[in-house]
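Shared chain: chain A. Partners: chain B in the first complex, chain C in the second.
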Partner chain A sequence: MSRDATAEKLSLNVRAALLAIVLLVVGLGVWEGVNHSPLMGGNETLSEYEQLLAGADERASVPPPSEIAAKAWKELSNPFYDAGPNDKGIGIQLGYSLYRVLSGYLMAALVAIPIGFLIGMSPLAYKALNPFIQVLRPISPLAWMPLALFIIRDSEASAIFVIFICSIWPMLLNTAFGVAGVRNDWVNVARTHELTSLQTAFKVILPAAAPTILTGMRISIGIAWLVIVAAEMLVGGTGIGYYVWNEWNNLDLTSVIFSILMIGVVGMLLDMALAYIARFVTYAE
Partner chain B sequence: MSHAFVEVQNATKRFPGTGKHALPLTVFENISFGLNKGEFVCIIGHSGCGKSTIMNALAGLDQFSEGSMVMENKEIKGPGLERGVVFQNYSLLPWLTALENVRFGVRARWKAWSDREVTEHSMKYLKMVGLQEVVNRKPSQLSGGMRQRVSIARAFATKPKLLLLDEPFGALDALTRGVIQDELIKIWSQDQQTVFMITHDVDEAILLADRIFLMTNGPHARIAEAVEIDLPRPRQRASIIKHPHFYTIRNYLVDFLVNRSSELRSEKPSGHGMLYPTPVDPVRQSSPECATETASASPDTESHQNLVNFTPKETRHG
Partner chain C sequence: MQKNNDHSGLGNPFDHRQSLIHGRQCDCQQCLSDPPGVTLAKRAPAASVSATPDNADEMMDRVVESALVRGMFGHSDMHRRQFMKLVGGGTAAAALASLFPLDAIKAAVKEDLGPLEKTRLNVGFVPITCATPIIMAHPMGFYERYGLDVSVIKTAGWAVARDKSLNREYDAAHMLTPMPLAMTLGAGSTPEPFIMPAVENINGQAIVLHNDHLDKRDPQQWRGFTFGVPFEYSMHNFLLRYYVAEHGLDPDQDIQIRVIPPPEMVANLRAGNIDGFLSPDPFNQRAVFERIGFIHLLTKEIWDGHPCCAFATSARFARENPNTYGALLRAIIDATQYSSDPGNRSEIAEAIAPTNYLNQPVTVIEQVLTGRFADGLGGVQDVPNRIDFDPFPWHSMAVWILTQMKRWGYIEGSVDYQQIARDVYLATDAQAVMRELGYEAPEETARNYQIMGKTFDYTQPEAYIDSFEIRRS
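Then we have the complex of A and B:
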């Protein structure tokens, strides 16, 4: 019985993997094929215009996967080179972005989790702060950028501020929600054992609310990683967002697609890291 | 005037009415009772009569609208470690293992103890409830009976002076309940704590209690009677039902719950001051010659009848 179930589960995983590989191969094959087939005419004699362009395509096409793979190999084999302001390795660019995301995100956590705790514990604080949160939360983080640049007068710090402001809300609201939802029985256990408020907060409420808080942190890191690309396109200088925009200005679409893929991979790794941490605080009731 | 170990006087609980001009709802009114040291008291009554409110007030988690509670001549204000609570839903912290849950209580009680002492003491109580094999499991990996055992171990391990049990076996099946009742008796007979327990199970109350408080139905509920259970200890589930007095007591209790709990409700108790429950011994009541004997036997009891409720058998505690 259980062996059958395991066998079926295995075969499901295997089948899913096979299907994923087939989809990948077909997708890449079509992409590659479309780009290699001549767009006009094929073997016919070149028109005057084509002769002028020495046989180049009239329209630039999206580079095929093989070119991107070659680019990826080249970039990833030397990710940390630094040959001047406009020519840095992908590792350095991602490093700048990660540095901004993580510093803005950690500052947001330091603010959001204590305030979320307060809001969750005190109905008064909740009612008083809720209108502000509801107005501030839907503001696109990039809308803050001009104001941040004006007040902070530093593009680097402004980018970090934008990350801070966008990652604060999910953490704040989830912490408040988790803390407010702590079962009364557990708080009563703390009370009957004469725990101080601080002990209750750390020994009962924090572990009880931790899974919800971690969910908020996971949502926040996802949003922060989405926002950093746009923020860096605006402030420029360094970072993966700036890299994408810079390669677009260079009309190097191979690098653009390669960096898009890298953004996806790093975002997935950030999410996996938080999912991994969440496993340690999850509990079953 | 001598005081019992725990004294509750003139306790009243009212909830504000729901409508605009609605009268407040009085759950119970003018309840007074005492618990003697080392005594096991069960309280029985229908749902809604305010048993849990009384218990939570004693635990310090709820408050009476009026009335006072005194334990060892000190007013009960808020929760405290000298009063341990076992809740019906176990109230274990799900992110801690069984051992860590007991350690949580022990650590709170004896802050100066080393980690080893805390663990040893916790293990001792987990062994008493037969859980030494599963101490590293989380509550979600334990059965309902095992969880309640952990909860009992946690409560007894902190050695509270007064132990409050709120229907601890309510959610368990009959077989498991019997086993844990035996374990409860075993631990209790070692530590001799004062226990106040809510139950809906008449047999359970007879098995465990020295006295059983009978509550009338709410609203305006009161503790009408305090039934003395004089069955010899140690009691065992299997043999206790063969005792000649068992069914006399049981019938008396069932009769109260089925018939008299609602009849007594409309009956306004006469007089003012503190209304202590009337002590009742169903065994003597059923044989008339004994009943008259009790009445005249101890003038001391009679004179205090409206003030303090003495239990005749205090021999166990010297």
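Then we have the complex of A and C:
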């Protein structure tokens, strides 16, 4: 019986994988077929006017997947080149973005988790801080950018600040929610064992609330990665957002699509990393 | 200690105890050799109350300071001494320096530069052909020639360029000619004295319309159009306003003007968000290259020789690093003059097209710089001075820009046109450096212009504003 179930499950996975591949191939095939640039007329000589314009096709089209694959191969085969301050490899650009995201995110975690703990444990603090949180939470992080540039007077720190401010709320609220939701029985048991409130916090409440806190952290990293691209398009200089902006300048859609894929892949990896960490703190009641 | 009334040679103009008048009893060397009462003289900054300047450069510094302080107090030594006593020499020196970039003026007057205070510099640029001299000075070695290790850093737009300059992340930057004026006046930002010792390019902009409007070549038909300009404080904004206003359209009511960073112009034109734009190259040519729009008019048809972009830095940077500032200005002026030679343009186009700089196809840049270009209407035009490079920052250009800022309500109240022009557009610096490098520099620093057939008299800015029917002030 259980063998059959395993076999069925396996075949489901296999079938899902097959379906995904078929979808990918069909999708890319259609994309390639629709957008394949018509072959050039060949030997026709172009007038000077035509030579001064782009290509022979009247309307520029979305680049086909084959071009993007070629671009990806070219970029990924040399990801760490550095040809001056405005031209760096995709690996370096992603590195800058990750550095900004992680430093803003870690700072936010250092602030959000203790405050969230406090809010979760004390109904008074919750009521007092709630109005502030509710007003600040829905502000688009990019709206802070001009203010941050003016006050912090450093574009690098401003970008990190924007990450900080956008990743703080999910962690704060989830921590508060998780801490407030710890079962009273467990706290009472701790009390009968005469644990101090600090001991209760670390030995009972923290482990009990950890899965909820991790969920908040996972939401935050996703938001931070979404925001960094926009922030870097705004301040420029380095990072994957700057890369997208720079290629947009040049109306080079091949590079833009390639970087979109890279943003997706890195975002997925970040999410997977947090999901992996979350496995260590889950428990079954 | 200093004796009262002691002046051995040059007196300190910031010291209330010292007279700058060499009296009858004066025993200073100069008075012993010269007839008494003829010379007015003075001494170095409050910080160094040293004796006679010991070399030609220091002497030059003091002469410049002397002229300034004396000018401020209208040659009344009594007033000067009362004032210095009241506020203290150091405060006065600092206040004066913040109003007027003393060292900046002195730096350029000097023939020989001292050791550079700083060799690693960050210079910001927005990726357009107007910035050609600032950009090409990097790959073509102009910065190196003057002992500087400059990183030229691409910037997403002018608001960011301004903020990064105010933050001092950039030591100097490519700006639009109205920006240092606006920043110094505090229009659109916190006020901070900026100086503009060199213009980058003249001409070189265009009005581009979407291909849908091929039949609407008369501005009268543009009612309801949306236009993009790169920045509020830009020649593009002022020239577009001037142009449509001369054709009877009110730029605030009959058309909509939207600020769009230059690199995003073409994408917006393609998407149909705007009907046209007055923007810097290469984006005019890029719109033609992509078969999206056509060139309606080159801005040289509005005002031949109009300034566009400039090299600017904070007065503070020039004051704190006079030698570096001097070297940087020499590199920029040298590069600008090199760019103005049509023979060098193709070579420059190739140097600045790569990803690190403009990130554009070479064909596009070459069409802009050489002036042989496809106009988007099916023709190839030959306009060698489509863009030109001339570093001289005419005071009259600043006055014209200020009149337009006043005309459209960007600044209000009374404006001391000539004084602001002199404080921000350092024509004397440019003059000195141009001559030193062996280029011809104009003698005068202001002149009148013909703009769309209308004369601009720089001595009558208010009357000029009042002569327009469509205006906000």
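FYI, the second predicted complex is superposed on the first by the 266 of 285 C-alpha atoms of A that agree within 3 Å, B and C clash if a C-alpha of one lies under 4 Å from a C-alpha of the other, contacts with A are read in each partner's own complex, and residues count from 1 in each chain.
The working rule: a residue touches a chain if its C-beta (ideal position, glycine included) is under 8 Å from a C-beta of that chain, and two chains touch if they have at least 3 such contacts.
Quantities reported herein were computed from a predicted structural model and do not represent experimental measurements.
Trainee: Based on the superposed arrangement around chain A, label chain B with chain C as either clash or fit.
Mentor: Chain B/chain C on chain A - fit side by side.
Trainee: Does the superposition put A:Val235 against chain B (first), chain C (second), both, or neither?
Mentor: second
Trainee: Quick check on the superposed pair: does A:Trp31 touch chain B, chain C, both, or neither? Answer first, second, both or neither.
Mentor: In the superposed model, A:Trp31 contacts neither chain B nor chain C.
Trainee: On the A-aligned overlay, A:Arg153 touches which partner chain: chain B = first, chain C = second, or both, or neither?
Mentor: The answer is second: A:Arg153 touches chain C but not chain B.
Trainee: After lining up the shared chain so the two structures overlap, which partner does A:Pro85 touch, if you call chain B first and chain C second: first, second, both or neither?
Mentor: The answer is second: A:Pro85 touches chain C but not chain B.
Trainee: Counting only touches as set out at the top, which of chain B and chain C does A:Thr192 meet: first, second, both, neither?
Mentor: Only chain B is touched by A:Thr192; chain C is not.
Trainee: In the superposed model, does chain B or chain C contact more residues of chain A?
Mentor: C
Trainee: With both complexes superposed on chain A, which partner does A:Leu251 reach: first (chain B), second (chain C), both or neither?
Mentor: second
Trainee: Between chain B and chain C, what minimal C-alpha to C-alpha distance in angstrom results from the superposition?
Mentor: Superposed model gives a least chain B-chain C C-alpha distance of 51 Å.
Trainee: Using the touch definition from the top, list the residues of chain A that touch chain C in their complex.
Mentor: Interface residues on the chain A side: 48-49, 51-54, 58-60, 83-87, 149-150, 153-155, 233-237, 242, 245-251.
Trainee: Provide the residue numbers of chain A that touch chain B in the complex, in ascending order.
Mentor: Against chain B, chain A makes touches at 185-186, 188-189, 191-195, 203-204, 207-208, 210, 281, 283-285.
Trainee: Within their complex, state which residues of chain B touch chain A.
Mentor: 59-61, 78-81, 83-85, 87, 89, 91, 93-95, 104-105, 108-109, 138-140, 158
Trainee: For the complex, which residues does chain C have touching chain A?
Mentor: Interface residues on the chain C side: 127, 151-156, 160, 163-164, 166-169, 190, 263-264, 266-267, 286, 288-291, 354-357, 359-361, 363, 367, 373-374, 378-380.
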